[in-house]
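In what follows, a structure is listed as structure tokens, so that the remarks can point back to it.
We just call them A, B and C in the order they show up, numbering each chain from 1.
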């Protein structure tokens, strides 16, 4: 619902506490669930602060239109889209220029992690739907898309985790939300593959000196590593839930035998 | 960026040469191709410039119109950047609505100008909340031979430096154009520098064949005081942190060199 | 996942002396290899596999068949008819129509071509009776069992004919729908509990219990009604 949310006078106070109570290098609370949609080959859902983002994968599957087929690998196609009700002012459902650009950079962030060469002439279709947005959606989108790909059983080199870092009111911070992002300073979204120790997405708007940028980059990668742990926990949770259900059935069978 | 499939053999050859420190056109790893800049070719535009970066050719026209400000910034003028990969520029460009490549190009050029606050939009207000100047920067690619981002950003800056605003007065709520011009006030001179990674080797200003052989590219836009104001990684490959920081160092020097070509003191 | 001297086995890859998993699953290893039993994967066509396909389209020279893989398969008329094909006389839909299921074998498949099928061998052809079910392809080996022990047991206990497709489809043909249902229950149970031990015994027990309950039901129903 529309709030008369007035922008707080200062986003960070003298004690270096952010307006939502977080420390400078603290991420918003994150909740992740893997395998949430029945029809998709793979899916995952994330809540990060007020962000609510769903990702689904279909594929590898036959590619239509055929002329998009690549002879030596699968074509990864990605659609990042925001629901009209995801933002304060209703957004038109038609894809905006921003959504086009983000679809491209997100695809380029995930492609290095997939063994696309195993499935030539097919398509791997990835859909990211932002149900509610509060800054950092492309990073949360990449995080959850990578899990959806894993959930679909698509062979990957690594999971891709993503997090933004930046500068607000002269202090370097991690995981900017919408208000922080829109203010003066800098916002640097980063996507990272921890096994390979490489960056797959890097963008920036704002202003930083080279020294500040180096600090922000390192801070962002640290944040990515935290996200990576949460991704692994979410995958393990899906397994153990399956295994616990099995164990329960075995116990019941044992009981019935007695 | 394009879908021209350079033969794999050629791409391999280029990668091999680069690994031994040489580029297929004889350049050093950190050298730009020859650059030619011409301003003011399109009289009907308020500002214009054409950049030739090697064989890549980009024409930018600036038009200034009167419009309404955005609701959340009632006291600021508007900047809008658009790019067209015109079909005559390459056998791989098709006519039609802007594709993701032209959208990315426009937004990266826009980011450089906007984040460096090159155009003081506060000075473009005619009637607060009602009438402002809208600066249209239209990037028109005429020949694609690699590194459209740097060529377009350079042409956009040259075109803005060339832009003249008409004098005006507001009479009975109407804007009346008066004789005479004044240059568009610019507060910053952002320069985009694109590096590419091929076979773990970093080069600057990739031309078409190098773009087809590269793993990934990283563009950094530097404003006049040396701060980074925009960044964009592109391509399906990756960068290590070391490579990113190395690029940030090289880019500082290149930005100064390129800026000298456009901004005459 | 593992360092040093191992070879990367199924669902893993090696880079810089380290072995990483490519899919989510259960880690295992033997003396030489490190591998992952994937939790979820999809069927990738291999030459020689028996598959159960569904006709998608009747084309000019044959049929386009869905085999639950990233690639659609093709059955050419020449691989379905013993004699030469006569386009004017031969009515392809009468052989296989859209929606028909078939048991087929993959005769050709590589990186540049979609899989090619044949039905010209013994045991292959259109499925005309029984039920076809789908399970996760990774569980197929468990349904077959060591040297076919699991599927043989199900066949014995239920009297059903069971044809297993490597692509995760199974055709069950029984003398009665009840027999088919038992066999399908057994297969579903295997799919759910594939990674547990003592499964063969539990499935056998379940099937025998089913049979027992069925015979009592029949006895009750066959008692003549008192008029």
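Keep this in mind: a contact is a pair of C-beta atoms (placed from the backbone, for glycine too) under 8 Å apart; a residue touches a chain by one contact, two chains touch by 3 or more.
Note that the structure is predicted; figures quoted are calculated from it, not measured.
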item: Shortest path length from chain B to chain C (each step joins two touching chains); value: 2
item: Of all other chains, the one whose Cα centre sits farthest from chain B; value: C
item: Comparison of A-C and A-B (more C-beta pairs in contact); value: A-B
item: Identifier of the chain whose CA centre is least distant from the whole-structure CA centre; value: A
item: Computed distance of Cα centres, chain C from chain B, in Å; value: 56
item: Between chain A and chain B, centroid-to-centroid distance (C-alpha), Å; value: 29
item: Chain A and chain C, separation of their C-alpha mean positions in angstrom; value: 36
item: Set of chain A residues in contact with two or more other chains; value: 196
item: Per-residue multi-chain contacts in chain B, two or more chains; value: none
item: Interface residues, chain B side, partner chain A - complex; value: 98, 100-101, 103-104, 106-107, 111, 114-116, 216, 218, 223, 226-241, 244-245, 248-249, 252
item: Of all residues in chain C, those that touch chain A in their complex; value: 11, 13, 15, 18, 20, 22-24, 38-42, 44, 70-72, 111-112, 114, 192-193, 195-196, 202
item: Interfacial residue positions of chain A with respect to chain B in the complex; value: 97-98, 100-101, 103-105, 108, 111-112, 188, 193, 196-210, 213-214, 217-218, 221
item: Complex contact set, residues of chain A against chain C; value: 41-42, 59-62, 71-72, 74, 115, 119-122, 150-158, 195-196, 235, 239, 242, 246, 249-250, 253
